[in-house]
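Alright, structures below, take your time with them.
Paired with subunit B in one complex and with subunit C in the other, subunit A is shared by the two complexes that follow.
Up next is the complex of A and B:
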């Protein structure tokens, strides 16, 4: 089952009556066009990112710090999107795992381990904690899962805050040394952010591969209709567990990069508001896209770093922006882009086939918009209104298809 | 042993406070399926409002209690009337919107009351301690007062839920919302009432808890975590579950803090783990809500 097939069917669903309007042949053309457009979204976003990176690269070190922050938080946010956008399980405790990754390195170094050994220890601790907490977390789903993961994250926060003999409490722990291979040392700015970028790209690639793999498809299926998947013989509990461990591990990796970038980790990095920021990145960017949270990370980090210098009450602004995002663009920026694309494509096709009659164009674009909006009304339980945040139209279509 | 008895009293007091918070949370969830993550922020804001009323204007704790409760009920009304309708009963959207609200409430609180911890003192005889008739224990009256008030509110809520028409509607709403609607009951009004009640309870608990817990930035997350632990253990949406859960979590946390101060948060994890492994829907929760 390839992505384009899914999109084919979803396109027809989104744009009803297109055959009558433009004739079968053009409908096919439109489909191909949309497919192409859809396929281009990811790469275009990637190229856009690269351009931004190049701009940042050539500018001062302050911006490159922001850029590092963006990448690090984007990594963690992509993990949330992997589990939330595709598995339907939104975790609100990922800052906790980010903290575990960072503290793991810092504490191990403090106990005399070399930087490389410290990374190894941190990874081991991360996997261990993710595997342990996962057993508990995946016992529940939906809202309770959010609550339980929030509790898990807060318990990690509590540990860092209270276990002062190990973590130095509120003061946090500083990094002692960064790993290096020959002259390539993470204590230098350039190698650090190149490494961060490589890790970012690799994680993004792996997650994108994973959501298209049979495992990813079954995750989507689980999100859409778990009983049915179970009836088909899938062990959904195990899938959820693997998804949880992957998401938590990814957040922890971000934490390991975080300590090398930030040189200090304190309980402030594990607070509830940090958990919220990570989820905010995912929701703003677009749930169920993997690349959407990257855009979300850019927005949120810019808010933290830039807007905060102009507006002292930036958290209030951010909260309001967040609420507005949940209300008005539940699909995030990714969804806005998709809708915009749809309208543009409809316009192009209609203009070609109706000789550009203004009336037809107007109808077509209105139709396109209406259709796109309708597509958000995916079938939630009891046919309820938009399943805004969780269910992106294409993902739903895909998930539906998986089971058929 | 004396230490243990004192800690048990402390635990019961704390259980009383988190019961007030979590009962509101669980009622709102049970009836409306709204996961109000701003519940902790409302708790803290209620305490702050009371602080200003007591310190700045009246000097009377009870005026503060009333002011904090009424103000938070008002806030609840505003949120229910003007924010929730935008979210069309989509559970995850409601959860996320209230998460956004946390940033707003916390930031405004920080702007108005600053980052330094504040405290409220209980008036008169409640501020002093008395000798208990056994083991020469001296225990603050205020804590008994808090425990007593929490008990009283708990009983009143129980009576309201089980022996009044409104309570019957609320319980029916928890069981089968569609059916209640189909029977011609104005669910919209019930929702508003329950949400306002939940916010009022949070504000009330915030004022009542302030003499014990203090008012500080981050106190909202702290109390939210306890409320969430209570509802997971007791069963999401179950009022009786909130009572049982509060006792378990309140006592375990207090013993944990007293005997294992370095890892008290982790001790809190134990009941969560046990419940999720043995009975994921919570002690008194229903399967469908887990």
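Up next is the complex of A and C:
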């Protein structure tokens, strides 16, 4: 703490411009710049994903299966993030709806429907069940909501396990046929791949749009202060209901893709540990970002598929990684990236103000790191701001708070 | 009720107009187990009046407000808003009917920016609040209204700040702004000047005096100075019951009020100067 203060004082002494930089006007300027920078994180991550995908597309089908899994679970996890990260309602029923989507297709095909009709039936069943269970789920909030959604998910799991005439119980149901348009059939690797990716991008785009809509803002308001929102004329039950139906529906869509990728669905896909993995993806990746859970999905699926081939107790390792992540970066990897970006940003600003003096750059970056480390324990009382002007929020505080 | 010296409660507005009063409380009672927080309170608040509610701590003032805004349901008795019984309606439903309120302990969205706070308040009564596929920032008219509102309260340069970083006085102003953004016909203010510095108190008084004359304002306030300049009719509560009501100056001189109110004020070191008026 005091060390970074010292560093800052020295920076101020060395770099004449930095004083002016932290003044009233430039504080605002810095904020908007950071905002813009942050907005770039999503697209950059998206492009990076795309490049990796294109490389992998040309390689074997094993890797493409991993990437299908990542995308499918990322879709379901983004649904959790939408409702949890913005509305403050964590759902543990997501795997249940993923199962409904997958079983919906498989059961309909088993009863003689074509693949396209089966998808339609599955979507209808999904919407119906989400709408129905939503009536129960949104009557409660907080921890009770978590438990109720868990119960709903477990009811679906119980049904798949015990309603053997419909679901074949423990054995699960195999996919009979995949939909196709002309030569473009989801039973082939490449089309399935591209379709999954397109659905993923569309859902991510829609969720990002919804987060910025008046409805998304009201979700954030609900998370922040629900009684106040009610006192402004919002019937928050409706907000919660719509959010729940959207999250559940998104999970179901992931389930429909899942059956075409996996060719088999069994009660194992609906178990509580599946819910746990999904929530893990969201928390590791970064709650309240939409794109964070995608990174979480990459990590968790890699553990499941890759690490497990080398270490039989991979779940223990993942548990340790998870605990470390929660301790060292409570905001998830998304938050870590944001802080890294801040350090880089400061470096650039300092270089610009000093014509690139190596000493100034070094101290500035050290201060940036110190600031990032300090704001890790941001739940505690804020220390004295490192900048000389004390009445404005410090830049690292600002970075932590802007645009969740 | 027995000690009431002035019993005609319509002094604020001329009695000629036959429109129903803005608020009418009929034998409103709220019990928590054995405790009667509000007992048998009947009040009439005429449209356009400036109505003050005073009483010592624990007199049931905030409970009464919660009954009016719908946060609490009465054990018995009714609340009517412009002649319509709203006793069974939820807070958001009452907001739809034109009832806005602020809270004694500031309740704003402290994780959101001032602009986001105001946008939430402004879209509370519009259909756009359930719009899913259009960014809220693109609602130009609404954003212009938010900017105008913030500017009128001197917070025009604070729009992009996180509300949690505002000063206490600014938070109080934001609190009032949020309530006003829902365009209420009746505004309930729960101690709008609590914890403010003298300068900020002057600001908030100026702000209250600028409110539209058609707006009905009901205000809980301890500060006699604020009351004298902001309201023209005062009701006094003690132990959940209505002690008396009347024009501000008369109530101040009322012996029961002096004993109740100034007695407690004297213990606190005579900060309240009601008697010297």
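We take it that the second predicted complex is superposed on the first by the 318 of 404 C-alpha atoms of A that agree within 3 Å, B and C clash if a C-alpha of one lies under 4 Å from a C-alpha of the other, contacts with A are read in each partner's own complex, and residues count from 1 in each chain.
Heads up, the rule we're going with is that a contact is a pair of C-beta atoms (placed from the backbone, for glycine too) under 8 Å apart; a residue touches a chain by one contact, two chains touch by 3 or more.
Just so you know, these numbers come straight off a predicted model, no measurement behind them.
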Fit or clash between subunit C and subunit B when superposed on subunit A: fit
Contacts of A:322 with subunit B and subunit C, given as first, second, both or neither: first
Which partner, subunit B or subunit C, touches more subunit A residues: B
Touching partner for A:165 - first (subunit B), second (subunit C), both, neither: first
Touching partner for A:232 - first (subunit B), second (subunit C), both, neither: second
Partner chain(s) touched by A:313 [first = subunit B, second = subunit C, both, neither]: first
Three-chain overlay, closest Cα atoms of subunit B and subunit C, distance in Å: 13
Subunit B and subunit C footprints on subunit A, overlapping residues: none
Residues of subunit B that touch subunit A when the two form their complex: 29, 33, 35, 83, 86-93, 95-97, 99-104, 106-108, 111, 178, 218, 221, 224-225, 228-229, 231-232, 236, 261-266, 268-269, 272-273, 276-277, 280, 289-290
Subunit A to subunit C touching residues, read off their complex: 28, 31, 206, 209-210, 212-218, 220-221, 223-225, 227-236, 238, 242, 393, 401-402, 404
Residue ranges of subunit A in contact with subunit B within the complex: 90, 92, 135-137, 139-144, 146-148, 150-152, 154-155, 157-159, 161-165, 271-273, 276, 279-280, 283, 313, 315-316, 318-323, 326-327, 330, 380, 382, 384-390
Residue numbers on subunit C that touch subunit A, as the complex places them: 69, 71, 90-93, 95-96, 100-101, 103, 107-112, 116, 119-121, 123-125, 128-137, 139, 160-162, 165, 178-179, 181-182
